[in-house]
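These notes open a run of structures that come right after.
What follows is chain A paired twice: with chain B in the first complex and chain C in the second.
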Partner chain A sequence: MDEKTVSIEVDGKPVEARAGQMLIDVTDRIGIYVPRFCYHGKLSVAANCRMCLVDVERAPKPLPACATPVTDGMKVSTRSARAISAQKATMEFLLINHPLDCPICDQGGECELQDLALGFGRGVSRYTEKKRVVADKNLGPLVSTDMTRCIHCTRCVRFGQEITGIQELGAVGRSEHMEIGTYIEQSVDHELSGNIIDLCPVGALNNKPYRFSARAWEMAVRPMISPHDCAGSNLYGHVLRGTLKRVVPRENEAINETWIADRDRYSCHGIYTEDRLNVPMIKRDREWLEVTWQEALASAAEAIAGAVADEGDGLGILASPGSTLAELYLLQRMAAGLGTAHLDHRLRRTDFRDQQADPVWPWLGSSIAGLEQLEGILLVGSNLRTEVPILAHRVRKAALAGADVGFVNPCDYEYLFDSAFVEAPFADFTRSLAGVLAAAAEDLDKPAPEHVAEAVSGAVVEAEHRAAARVLLGKERTLVLLGHIAQRHPRFADIRVLAAALAELVGGQLGYLPESANSVGAALAGCLPHRGIGGTAAQAAGYDVHGMLSSPRRGYILFGIEPDRDMAESELAEAALMSADAVVGFTAYVNDALLECADVLLPIGTFAETAGTYVNAEGAWQSFDAAADPVGDARPGWRVLRVLGNALGLADFDYRSAADVRDALRRELGEAPPPDNSYRGSLSIAALEPVDVDPAVLDVPIYAVDAVVRRSEPLQETVLGRARDESEEPLAASAS
Partner chain B sequence: MPEHDLVCFATRGFDSEPWSLDNYLSVGGYRAWQRVLDGELDRAAIIEQVKASGLRGRGGAGFPTGLKHSFMPREAPMQKYLVCNSDESEPGTCHDREILRLNPHSLIEGMAISAYAMGATVAYNYIRGEFIDEPVPRFEAALQEAYDAGWLGKDIRGSGIDVDIHTFVGAGAYICGEETGLLESLEGKPGKPRFKPPFPAQHGLYGAPTTINNTQSLASIPTIILKGPQWFVDVGVEGSSGTAIFSISGHVERPGNYELPLGIPFRKLLEIAGGMLGGRELKAVIPGGSSVPVMPAGNIIDATMDFDAIKAAGSSLGTGAVVVMDETTCMVGMLRRISRFYYAESCGQCTPCREGTGWLYRVLTRVMEGTGTHADLDMLVDVANKIEGHTICALGDAAAWPVQSFLKHFRHEFEYMIDHGGRSIVAAPDAAAA
Partner chain C sequence: MSARAFTPELSAQVCAEIDRWVGKFPAGRQRSAVLAALHAVQHENGGYLTPELMNAVADYLEMPPIQVYEIATFYSMFETKPVGRHSISVCTNISCMLRGADDIVAHIENRLGIRTGESTPDGRFYLKQEEECLAACCGAPMMMVDHRYYENLTPAAVDEVLDGLD
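For the complex of A and B:
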């Protein structure tokens, strides 16, 4: 792009602008509002709505601000008689066929057309002919349609063409018979499709499950952070009398731009389900009793005290990586106070052999926005679109901008851009990865590092391995990114050693896609068996998840976990938990497995009902307040932990707020440890034997990642939601 | 034979298969191309000759063809394209069809010369879908003949010059005649015009520099090269060189396509077309296809048929499609029919055209049904004014101009109809007097 600056004049004001920049970007920057519908900062210019027509000196016709590049000396009037008359003309044309029944339209009160009509519309319509009626389309469970309201701005069409890369919607037909539709009857299935709701300036595309359940102006708007993945997408929750009604994106260029994943938008429908745990419960003689908080906490304290009676060693603590920083920190302090080192949050991981070599906080290896600046990205064991949809979008942008992207994956997941692919079967993953490393070493004519030399020399190098290596070779800024499949693999330690060697060989970064929303926070808070706060080495390492389950403890604390769904080794977990004397479950939901194994169930709030902090994949600490009121007698988890700590007689458990807890952790962390993924382990690998792998444990479906998402009916009804294991019972139905 | 030389209709005199290669060769066909292949003219020289000839585009806008060709970055190394616009859908216009049917080689030769001049190695001929019966096979057959005779392909006749021509058949949408709508369609997408800038010469087909020319414009080029630009200038009048094919339709004795020198007096043109049908009175003429402003008899009867004269008389030579209307024509009905066309053919992407064309048509329908009001007439003009100049492509203008001009010159017919419950002035008891 030409970086030259030019001087123009807008409404009499002199303005400097970048040559070639569109006029509307300049007017937006200086706070002069030009009305628009089709223009959207993240989409290509269509210039079809004609709402943004302005008056440019010496131009024979009014020009669209969204499609007119500025040139030196340009004199623009956005409010001259000619500009206003053109804008009003467009508004009149838009309204003649648009229903004027805002009171019964879900978009009423937050409609761009309604807003602009106030400023540019006439009081009374001159149009007395019949209005157009357009048949609605069935786009699936997420997006409702009212196609008569469509103003043909084509934002939704361009979204598919440009953002997701799969054109789900298109304009069919011409003249006033042009309709937006799916060509053939079909739902919108891409994991970011819900964004078309926000893009649609009118009420044509709306949030289907939320439909007609509230009015925009009666809801409070609360900032939130997505709990479902490591991006930490910024959200707004719209809350009606304490209930979270819907979720929309909160713009943050550095993280989610203006988008959110459907998982973030529709998970709120998993909050208010029949199977929420509304009151504390304790099990007496194999019977569950509803009790007061006091009784429940006393029982919990008693159970925990029993488990640690002789030595702290009897207690194991397992926490969801989607817990807040305060919760994880309090659990860490509780473990320390009780004298147990058996504390872990890495529930889906199975290979802990080389855990000493884990970074203090395994991070992305790049800022989120920085992904777009990379020249080569090799994803190792990642179904990225389901793992972190928002990051998949960034990687796609990088690819479109010219970066080479490759995948080393068990299957060729659909990526909607050109990429290299190495088929690395689940069971034989390491061998394929070693092939890529060997190809890179061959190309660079460098020996592979000593500790992997044997594996590399035994690897078969074929064209696909060379193609994947070329993604990284001869470039300045590259990233080898370990996805969830890699991290959950029973040979993760070997995979990591190979990936790290590859990154080092090509001079690139090694990155991790942390699980859930707060794995980074959990690592920093020391929610680990072998490390304390900020990565300090534990005096004596405790059991990791696998150890805790294979050497059963007398008692367990389960924090935010459904043991049958959230853990890689669920069968082992079930056996260990069943054999324990005492299991205390902190949970938002009642679940059969918990009812079976637990003795005390303490109702805690979901992500929407608690204040807290998540640390995302790039290390950004993002704090939030509770958006909604807790359901029933549920309480924010950190608060329950605080009271329990007191009940257990632990010192310094008096915090006033989640922020208080976070600040205590921050003080303890002092200078936060810098991001550093470089591998300093000493594992050397030789034989690359195939292993037994259960693919379902490694590749968790997009709408099965956590308890809330699993209960969101609209998400479960989507094509992606239905694709999950048919043998499983629908979760929302399992209410007790 | 007429008293002047023919350009696009040069083979028309042959009784048997005027479209054949032999016939074309016998009137000097491919001699201009041979000179180019022989290296007698380089790219710049060809463009200079076309410029000097004063040839103006026959697709409607009358843009100087040589100048347009000079906009292409002809020496730049990237792929470039020439596209011939044979989408011919402007009501009243049917001269491109005749070129395709009767003298396809003139177009092929013109495309080859122009493609080479602009540094394009690939050219497409976008032909309207309705031409599938006769013009398309005729053009395709000619193309095959040209390839077989070695006039096209790679390293043509050892010259080192490559030109390939492909046919593309549209699906019957007027808007695909708009040059950027055409490019979209050619790329396999719905024919929705692009916003300009960027212009096709910078960012055209598949993003590559592209020039789009009308069939007749391109078919004129071999003769210009062969006989020299001055010859072409001499045939026409100042500002309007050469001959043009007038598609004369309506109330004349002998409607048809006539290739005549530009600048010919309208009276002469009418005479050549056999005069008014049944000797009736001339009421109005649309001189350049349905989108240009209508001219009352008085404004055109003494005009000459060239770009400047028609412009001065308040309309435009457009595509050279002359629609002649006699005293029996109901101007309200005529306008409604024209509006119906633009309403149906709007591509639908931009608001004023999509919504406005239907509005115009519906109000006109109401007027004809006898429920119009005088206020409707002002509103029609107002709506047309608000479409004009506010759209991505010129279809919006094409929909607006007829409304503005019909109401300007024939408002009394609309008023009569409104006052008489939908009865046309031409059906009035004293029609002759009106």
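For the complex of A and C:
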């Protein structure tokens, strides 16, 4: 591509531009608006709507700005009589078949066609012939259709071809009879499909569960951060009288670009369910009573005080990694104040043998945008499209741009680009990974590091291992990324030693895919048994999750957890919790397991109802305010912790806001510890014995990751949601 | 590709024909043979395509099924619904129209008892809606029956052609 700059003139203004750039990119940059429908910055140029026609000097007729490359000396007028009349004519043609049903159209008030018709349309139609009518398509539970409104811009078609890599929609038929659809009835199933709703410039594709429930202009717009994975996608919540009605992307080129995962868009339908905990409850003689906050907090304080009577050792604290930074920090301070070190957030991890070698904050090993610049990415134990859909999209972009990508995985999950694959069965994962390491060592003619030498010499090297090693070999910028399956594996310590040795051998980075939206924050806040704030070593290490459950405590605090769904060892958890004297649950929902085991239930807000901060996979701190009003008597979790801290007589528990708490943590952290994933452990591994593994614990379905998502009916009804477990009853019926 | 219908195997002859066309395009551009592939499949299937057959072509040429549907529905020479055995297209474009094509169409419609775009209930005839000039204007009015051209038509000439079909 020619990197020369050229000088052009737009509406009389001189502008410098890159030669070959499309005119519309230049006018957008300098803030001159050219109307458009089919053009979209993230999609290829189709130039089929003709709305962007502008007047170019010496051109015999108006040219489409989206498909006209700039050349030196070009003089463009976007508002000349010729340009305006071309745009008006285009609009008149577009409106021939478009219904005049804005009052009953969900897109009304936020419709590109409606807006432009106001600017370029005629007041009165000259068209008296019949308009065409197009049958609606059933695209599944997420996207509704009103295909008569379609203006054939093909943005949705190009989205499938170019962004997801699986073309689900197409233009069927010809001319007057052309229709956008799937031809045979077929739902749109890709995990980013919901984005076609935002792309569609008219009301042809709409948000199905949200449809007809609010008008765009009635709602307040609140910035939010996705709580469902470690990308920290930026969102806008649209809130009607305190209720979160829908979620759309907030553009952030460094993180989610202009996209969000369906999980982020539709999880809001899991917020207002019938099983929300609306009031505090305590259990008396096996009966649950609804009580005031005061009574509940007094009971909670009493229960906790009882458990810590022997200098704290009797209390275990388990927190969801999707909690906010303020909540995790307050839990850490509470644990310290009560004298317990049994504190953990790594609920789905089972192998803690080598936890001393964990980085202070295990991070991605690359910026999110930087993934696209890598030359080789080897994913170890990751069903990435379900774990972090937005990062899967970045990896796909890297692959399309020429990077080599490989997977060491128990199954050949479908990735929509060419990749290498090593089958690493759940039970025998380490052996396959050792094979890749051996192949890399062989190719480089270097010995494998001593602490893994024995394992490597016992590995079988086959063509697939060599192919996976080649993903990393002979390249400058490479990443070995440990996914969720690897980190949840009962041999995680061994897997990590091998992956780290591989990264070191090839001169690449080692990366971790954090488990949840705030796993990084939890590590920084010291929500760990063996470390304090900022990774300082604990004086005496407490029990990790497994330890806390296998050596049952007298009392537990469960923060934002459904013990039967959020933990790897749910059976062990159930036994330990049932045998405890006191269990205090902070939760947004009532669930049977909690009702069984807990003694006090304190209603806290979901991610939409609390202010807070999440630290994402690349270490970005992203703060947000509460978007919606809390449901019932629920209160933001940090506030409940603060009051409980006071009730427990803990010092310095007076904060006025979540930001206050965050700032206190920031002060305590001082100079934030730098990102550093290098492995400094001393585990040496020899045997590559198979282990017993429950695949369901390692590979958590995309719409089962947390309590809110599990309650979103539209998500559960999708093909991906139904695949979760056919036999299981739906978790909750939506209340509204 | 979850809801994908049953995908049948293509016959050996059809595969050979597709391979012949694939060979004419650069490696990796096998999908360029899709038009030829659909023709071959349609011909073998008695004049029309089914979603299952289109899926089979998509699989064979390694392309998304929707792209095959797009092509099959775009070109008027592909039928995507079952049609009669003998396909009759009467040109009604300008030259033929001026030379009485409308009467020819009316005659066939009356004789077969169907409207343009329909097939006879016995599955013998399909009176196709022809969109374009069939490029035999010098012999207008004309029709195409099973890929053969008949020119300078009169109702009697039409009857003779149709009587000769099984």
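The rule is short, and it goes like this: the second predicted complex is superposed on the first by the 731 of 736 C-alpha atoms of A that agree within 3 Å, B and C clash if a C-alpha of one lies under 4 Å from a C-alpha of the other, contacts with A are read in each partner's own complex, and residues count from 1 in each chain.
Quick note on the criterion: a contact is a pair of C-beta atoms (placed from the backbone, for glycine too) under 8 Å apart; a residue touches a chain by one contact, two chains touch by 3 or more.
All values derive from a computational prediction rather than experimental measurement.
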Practice task
Based on the superposed arrangement, let me know which partner A:Gly173 touches: chain B (first), chain C (second), both, or neither?
Solution key: both
Handout entry: Partner with the higher number of touched chain A residues, chain C or chain B
Key = B
Practice task
Give one of first, second, both or neither to describe whether A:Ala357 is in contact with chain B, with chain C, with both, or with none.
Solution key: neither
Exercise for the section: Would you sort A:Ala659 into first (chain B), second (chain C), both or neither based on which partner it touches? Expected result: neither
Practice task
State whether A:Val719 touches chain B only (first), chain C only (second), both chains, or neither.
Solution key: second
Practice task
Quick one: classify A:Ile184 as touching chain B (first), chain C (second), both or neither.
Solution key: second
Problem - Partner chain(s) touched by A:Leu53 [first = chain B, second = chain C, both, neither] - result: first
Exercise for the section: Could you say whether A:Ala453 touches chain B, chain C, both of them, or neither, answering first, second, both or neither? Expected result: neither
Exercise for the section: Touching chain B in one complex and chain C in the other: list those residues of chain A. Expected result: 171, 173-174
Practice task
Report the residues of chain A in contact with chain B in the complex, numbered from low to high.
Solution key: 45-51, 53, 60-62, 64, 67, 69, 85-86, 89-90, 92-94, 96-97, 126-127, 129-130, 151-152, 154, 171, 173-178
Completion exercise
Seen from chain A, its contact residues with chain C in the complex are 166-174, 182-187, 189, 719
Problem - Residues on chain B engaged by chain A in the complex (per definition of touch) - result: 173, 175, 190-192, 195, 197, 343-352, 354-359, 362-363, 366, 379, 386, 389-392
Exercise for the section: Would you pull the chain C residues touching chain A in the complex into a rising list? Expected result: 1-3, 5, 51, 64-67, 69-70, 73-76
